[in-house]
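Order as written gives the chain letters A, B, C, D and E; numbering starts at 1 within each chain.
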Amino acid sequence: MKLGNYIIKRSLLMLLVMFGVVAIVFAIVHVIPADPVGALLGGNAPPAVVDRMKEQLGLNKPLFIQFIDYIWGVIHGNLGNSIQSGRPVVQDIMEYFPVTLQLSIVAIFISIILGIFLGIFSAVYRNKWIDHFSRIFSILGVSMPVFWTGLILLLVFYYILGWLPGTGQLSLFVIPPERITGMILVDSLLTGNWEAFWNGLRHIILPAAVLGYAATASIARITRASMLDVLTQDYIRTAKAKGMSKKVVIYRHALKNALIPVVTIIGLTFGGLLEGAVLTETVFGLPGLGRYIVNALLNLDYPAIMGGTLFIALIYSLVNLSVDLIYAMLDPRMRA
Amino acid sequence: MILEKVSEFMEKRKPIFEDWKHTFYLWRKTKLATVGTIIVLIFVVVAIIGPLFVPYDPIVQNMKDRLQPPSFQHFFGTDQFGRDIFSRVISGAMIEVEIIIIVSMISGGIGLILGVLAGYFGGVVDEVLMRTTDMFLAFPGLILAMAFAAMLGPSLINTIIAISLVGWTVFARLARAEAMKVKNQPYIESIKALGAGKTRIISLHVTPMCISPVLVQLTLRMGTVILTAASLGFLGLGVRPPLPEWGAMVSDGRSFLVEQWWISTFPGIAIAIVVLGFNLLGDGLRDIMDPRLRR
Amino acid sequence: MDNTLIEVQNLKKYFLRHGFFSKSEYVHAVDDVNLEIKKREIFSVVGESGSGKTTLGRVILRLTEPTFGRIIYDGQDITALSQKDMIKFRKKMQIVFQDPYNSLHPRKLVKDIIGEGLAIHEHLPVDEISEKVREILKKVGLNEDHMFRYPHEFSGGQRQRIAIARALIIKPEFIVLDEPTSALDVSVQANVLELLIDLKKYFDLTYLFITHNLAVVDYISDFVAVMYLGQIVEIGRKDDIFSFPAHPYTYALLSSIPAPDPQRKRSNVIPKGEIPSAINPPRGCRFHTRCLYAKEMCKFEEPQFFNVSGDHIVKCHFPLGKA
Amino acid sequence: MNDVLLEVKNLRVVFHTYRGIVQALDDVSFTIHRNERVGIIGETGCGKSVTSLAIMRLIEPPGEIVNGEIIFEGKDLVKLNENSLNTIRGKEISMIFQEPLSSLNPVMKVGFQIGESISKVKNISIKASQKFVRDALKAVDLDPERVVNLYPSELSGGMAQRVMISMALSTNPKLMIADEPTSALDVTIQAQIMNLLDELVSKMKNTVILITHDLGVAAQFCDKILIMYAGTIVEFAETKELFENPLHPYTKGLLKAIPKVGNKNKIVGIPGSVPDLVNPPRGCRFHPRCPFAMEICKIEKPTLKTESQDHLVSCHLYR
Amino acid sequence: MRKLLLLALISLFVVVGFSASIPKDTVVIGMNTGIFISFDPAVCYEVEPSVLVMNIYSDLFKLQEINGTIQAIPELAESYDISQDGKIWTFHIRKGVTFANGNPLNADAVVYSIKRVLKLGKSPVWLFESLGLNSKNMDDTVKKIDDYTVQVTLDKPYAANIVMSIFAESWGGIVDPKIAQSHDVSGDMGSTYLADHSAGAGPYILKSWQRNNMIVLVANENYWRGAPKIKTIIIRDMPESTNQQLSLKRGDIDIAWNLTPEQINSLKGDPNFNVVSVPSQSNEYLAVNAGWGPFKDVRVRQAVKYAIDYNSIIQNIVGGYAIKVQGFIPYGYLGYVSNVPFDQNIAKAKQLLADAGYANGFEVELVTNTTERRRNEAIAIQADLAKIGIKANITIMQAAQMYKKMREQGIQMIVAGWGIDFPDPDALAKPFADYRVKQLAWRMMWYDNHAADLAEAAGFELDQSKRVEMYKDLTNYWFENGPFAILYQPLSYWGTRSELKGFDQTAKGYSLSFDLTKMYK
């Protein structure tokens, strides 16, 4: 099996990409004419204090040296300390990321199910009203600003109807599960804490729905296109000629083929979700990586910005690598 | 005499018109594309002539009339500065159009050129370009746009630059894929066999073929551009006030959502409709340009 | 006076094939081919898919760079030329592709497609180009109204005529015809073949005719080369080959053709099995895996060319009719 | 004794396109008897594939059967609902196609795809059908143990067509339609496949409709040949009769246009090109290209008439 | 597939419906905690977290609002002596006070805590340094006399109120040396640990802090003044004010911390809610760069001050939650000037501009940061300035960028705020008038020696009434010449549920003082 070689090759390329990401972010962040120390100290501190603080943080060294130092640190698994919190960035990420991951997973689950169903309906009933409806429905998801949809849903489901909880990951007086993965739902399942599980599930519905709905359109669109494409293929005609029922033709013969390109889009969509998480986490007050990076950006916390983006880039690349592998496994043509 | 010439000319070029007629027919057949086109047309028309007809100045404040609910005086109500939201939404259309056009030209242009070059030449050129797009693709666009916006300072032009710099990669990939497909087609080969140079082949023959997928994606992305602008606004990195940019209006009005819902709702609806329009149009264009449908 | 237009010496073309999971391999598309094309001749290359006949045609025009070997055009080694110097040779040699649907730019008008060569080589004013396009259109049996149409409005035969017109407008000496009629219906094929024969006389052309259709080869060619898995297995005057096929493969090909005649029954000398992959071609004689007459020796030793008669040569240990 | 298996009456199929309505099949009628091998011959766009798809009721929008009956063993397939059709497709009538590789589902193993057909006919699970699958593969000279677990992408064109044949014949259908089964294959492989098909069909006594553009293939395989032109049937006769005594000018032209190995006669193409079926010529659809065209040909549509014993032709020259 | 959909629907309904009211001894606060960095008193410098630090740690002094002015009163320092020259302070520490864990609070702890701030050198250190204490001289200047006496030597005789105020702030919190040292990581004196743990003697103990999520404080049952009535205080992170508003209305939080004026106004008149507002310890100002172009001319600066519609800003932008103050000394402070000389007077402003030679106006860049209120103020000011022909282009910047630009004297015009570091007019006169301290006046290039001298002299004036006069003189001079227009003194406001009582007392003196023990239900 040459799979190993392939993975090694891809991983090396990924390293290169990561290096580029670091370089780009480093460049962007450091040409910002701003002063993270100033942000840290607030407006009142006199200049002498500012200078001393810079020295403490090593921000007065030449940029090139700072870059080398940073790369050196990254190689050793050290993303530096956050200027704001003073804690190691790695520690911060490990604390925040599970929240984002959990949110993204639930969201992508929602968007995959919704997207694939809408896509199939659209394709099968092409140019009928079902097609129009499901396309408009899915496109509406990408048409509204995520934060606005989030607030409206909060208003309706939390404030007016009172069906779902508002903010956070758990209700106040629910005892959180012991931290194992950091993902509340997983941890509560692992520890058998059912109250926390149901509560956590209720809390994640709104943000995940908002996020997932926004990602639905791209999945629905590719499912539809791919399904339409597949339905005109010769092997579908063969299946029909074999006397297979419509259901078997669509779900057994067409869908399996149609889903192959959908898999690739899921990787890209995942990237979009991480992006949308920035907004959703703010609206729903979730302690995730998105908010962490936003806060870091707003305070120009260099190490946190770089560490956070680098990490997201890494996750994104890993997801896409696995998507490519899954793709190859799903499609026998790639194995030949 | 001239009329004859014209009719002769028309007669000769009938197939060209036929082709357009075909396109038009397909367009009319794809109902959602029709809807999308109409929305986008209305949007553009409103952007161009709307400001001439708005009942109030979109920028001048009138604190006496602040936070008025929708009424006949103010169709969409007024905001916290007493500005007429209807007028602001109408005037804002032009800003969106500007953002969309400039972003499309920058990111579509960069993407098309780089993508075609990479796709046509392959090898090292391709490798370098693809790794670069990987880098840009690897981190979420919004965060990158935020970083750019934070770096350059929030303003209309910086928003545009930020979104463009993030957005070109998609087009580069599309153009590259198309160029790779096209360059091995017999019709390009025959031009090569005729002795055409690389410049000629790329500019006259390959690039035109790569435009349509880029164009379709651009149309689809135009909606996203508005949304990204809105998201930047939400994080406080959007355009400079007091410009009536829709995204900024939605995000500025969001703290009034419970009591004065109209402030952010109307621009929000405007965004949703226009983005929907662009998406429908883009989907439709994709269908219309689909060679399988054309044959 | 030397009558040879093109001489191909030891031509090889290997393609690198990247596997997704597997390691990269070489496809031996053209493997050590030697041939000579005389002026004003129709030289046919015949073979099944994967025989490398198309690649051979493309390499001769340097649309694909050869891996090894020389191509001598009218005494000049064109493999050594830079792309820039190649341009003036491009005027002399042209190609017509098999697929009439993809060989014309779908977004260009016929006049631009045909006029392209003139636009590249002769910097003529638009009117003059139009005039020449009009002329050539008549030559290939189309009319001038067709100038302002798009390719998709034409039938396969008409498109092939357009492609021929495009090749002819720059007055080449040599044309590679890569399966020019394979995608056409028989009734149309006959017309296009006739056209090609007429044009050859009119313009004093030399053809390299690539096809899998032996009946067409028999009809049109002067000289025939039979290819199998990247190699030429038999080469000679058309009548020699068709009357006295020496290679078992040639013989098998001939007998596989279903004759449009209910009286003739199907033959039993059909080669067995599948065509092997050109990535790892069989050792020894490449045809031995399918050959009905293969002996032990064929598996290990690659045959040399054997001169049957005159310029009829065959690459086989045990040529037919020799025993 | 009623040995009529399939009777097509006045079949008319159109395709709705932006340019107008394409009249793909115009009033097509023919009868096929049990155990016959009928070749449908014609050039691109003559409607031969449309005919076969119409028999399978596989005409999809924008195509539409607007008129006619397709009577298969007494049932009019045009009027059947989807469910009843599915009991006929695959079981009573099966079909193989021109592009064997793209006609197999790329993500399913060969064994599964053949098993699917068998399981449906025999009403057993796909798993249980596997032993029949092996038999079916053996019948087409493939190594069952190896091939069942392959994906179509791992097959060569010839092997794939063998798989298609085994799939089509595994249910022992009464009628098999082979739509250009060898057009995409090399001559040597084509000969193998045609020999195989001949052998199998002789053994199982299926009725076959062979659709091809290659008169050679048809000549060697079929008992009867039906020539189509521009959506109409122009001639229908026993193979030998047709080649020895072609009646229709189109058939004659076709035979003259084919280059034959060892035949030094000059080949002659048919002038002009196939008409646009949006606006087909009035009268006989062949008249613009016909060397014998008369005034009546431009006005009146000829009908398919019996000229001599079992030799039908549609031409005003014969009345 | 269909089953999946059904399952999703069912689970949705299972999930629907919930309620959990807040217990009586618990208070839940909704707050944007995005900028929270640390609860270590030696590190914490931001307004909201330092409010909590003040309730986790006890200081030598305490700030309290008495009769409308905020004063420093003895807390852990039962009494103090000041030497004749005003430089040596001796603190007598209250006996019998223990930390929350029972460890004794003594002179060692006090000395340790002060030295800890100096040694760590984090954000708040400059306030101690402004008294002449630093990490180099601390062994001489901060000394333990006996177990309950500490002596601190300053470099200059600062006014007593300044010194006491600085020791009363969050950074003056006394840290338990045992806890701090036992969690020392490479010499950080426990500051990593104390970022989210507590080691104080205040009324509350920091039980947990999940960043960007939730902070839990529990009552310190050993608190030397007696355990507080509210046993648990939970601060939930809610970055969106709309979310806080909804949660407050739903009863999921007791206090909404970051509401907009409109949101708070919507609570008024509803018996379920109270609106609590107190004067803020800060100024909201517009500043122009006295070293840049037209603003070099004092008349142009005055024109700007006359162009602004102060009333409208107070009414419409901050919803009335502001006190109309125009001097730099806020309401409630020594030297407060109630005189408001500026009101919008377009004609006068135009005249002043014309006199200065700018009848046709000019273009200027108006910088402010991303907070919504500032943005709105900038937009309003932009409109006002347009009326006198000045075209202001608003540039919104990150705080970090804005301060950087400001420190480089690169700003033409800015809308910002000044949070007061300690409750003494000196904390305002110096930055706003004395360019030599390199704070606001310097940043806006107002190199006015007269103003600087006055501000400096007033800082050392020990006679109270003379000092008041000096500040009044300074203010009047500053009104005419200064590059600042104070827009207003903000009121801080909160929306609370009406079950919660005593929050008005709690919030008094915010943000310099905030006493959580005053709340009850």
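Remarks
Please note the rule applied: a residue touches a chain if its C-beta (ideal position, glycine included) is under 8 Å from a C-beta of that chain, and two chains touch if they have at least 3 such contacts.
All of these numbers come straight from a predicted model, not from anything done at the bench.
Once chain B is excluded, the chains joined through touch still make one piece. Using the mean of the Cα atoms as each chain's centre, the chain most removed from chain C is E. In terms of their C-alpha centroids, the spacing between chain B and chain E amounts to 45 Å.
Work out the mean CA point of chain A and of chain B, and you get 24 Å between them. Centre-to-centre separation between chain B and chain D, using Cα means, comes to 50 Å.
Measuring from the averaged C-alpha position of chain C to that of chain D gives a distance of 32 Å. Multi-chain contact residues, meaning those touching two or more other chains, do not occur anywhere in chain D. Across the assembly, chain C contributes no residue that touches 2 or more other chains. Across the assembly, chain E contributes residues 240, 242, 246, 370, 397-398, 401 that each touch 2 or more other chains. Looking at the complex, you find that chain B touches chain A at residues 29-32, 131-132, 134-144, 146-148, 150-151, 223-224, 227, 230-231, 234-236, 247, 250-251, 254, 257-258, 264, 268, 271-273, 275-276, 279-280, 283, 286, 292. Touching chain D in their complex are the following residues of chain A: 233-235, 237-246, 253, 256-257, 260, 330-333, 335-336.
Those residues of chain C that touch chain B in the shared complex are 58, 61, 63, 86-88, 90-91, 93-95, 97-99, 102-107, 109, 113, 116-117, 120-121, 145, 147-150, 152-153, 163, 166-167, 170. Across the complex, chain E is touched by residues 32-36, 38-50, 52-53, 56, 84-87, 92, 95-96, 113, 117, 151, 154-155, 158-159, 162-169, 171-173, 198, 201-202, 205, 251, 282-288, 291-292, 295, 297-300 of chain A. The touching residues of chain E, counted against chain B in their complex, run 240-242, 245-246, 260, 262-263, 266, 312, 315-317, 370-372, 375-376, 378-380, 382-383, 393-398, 401.
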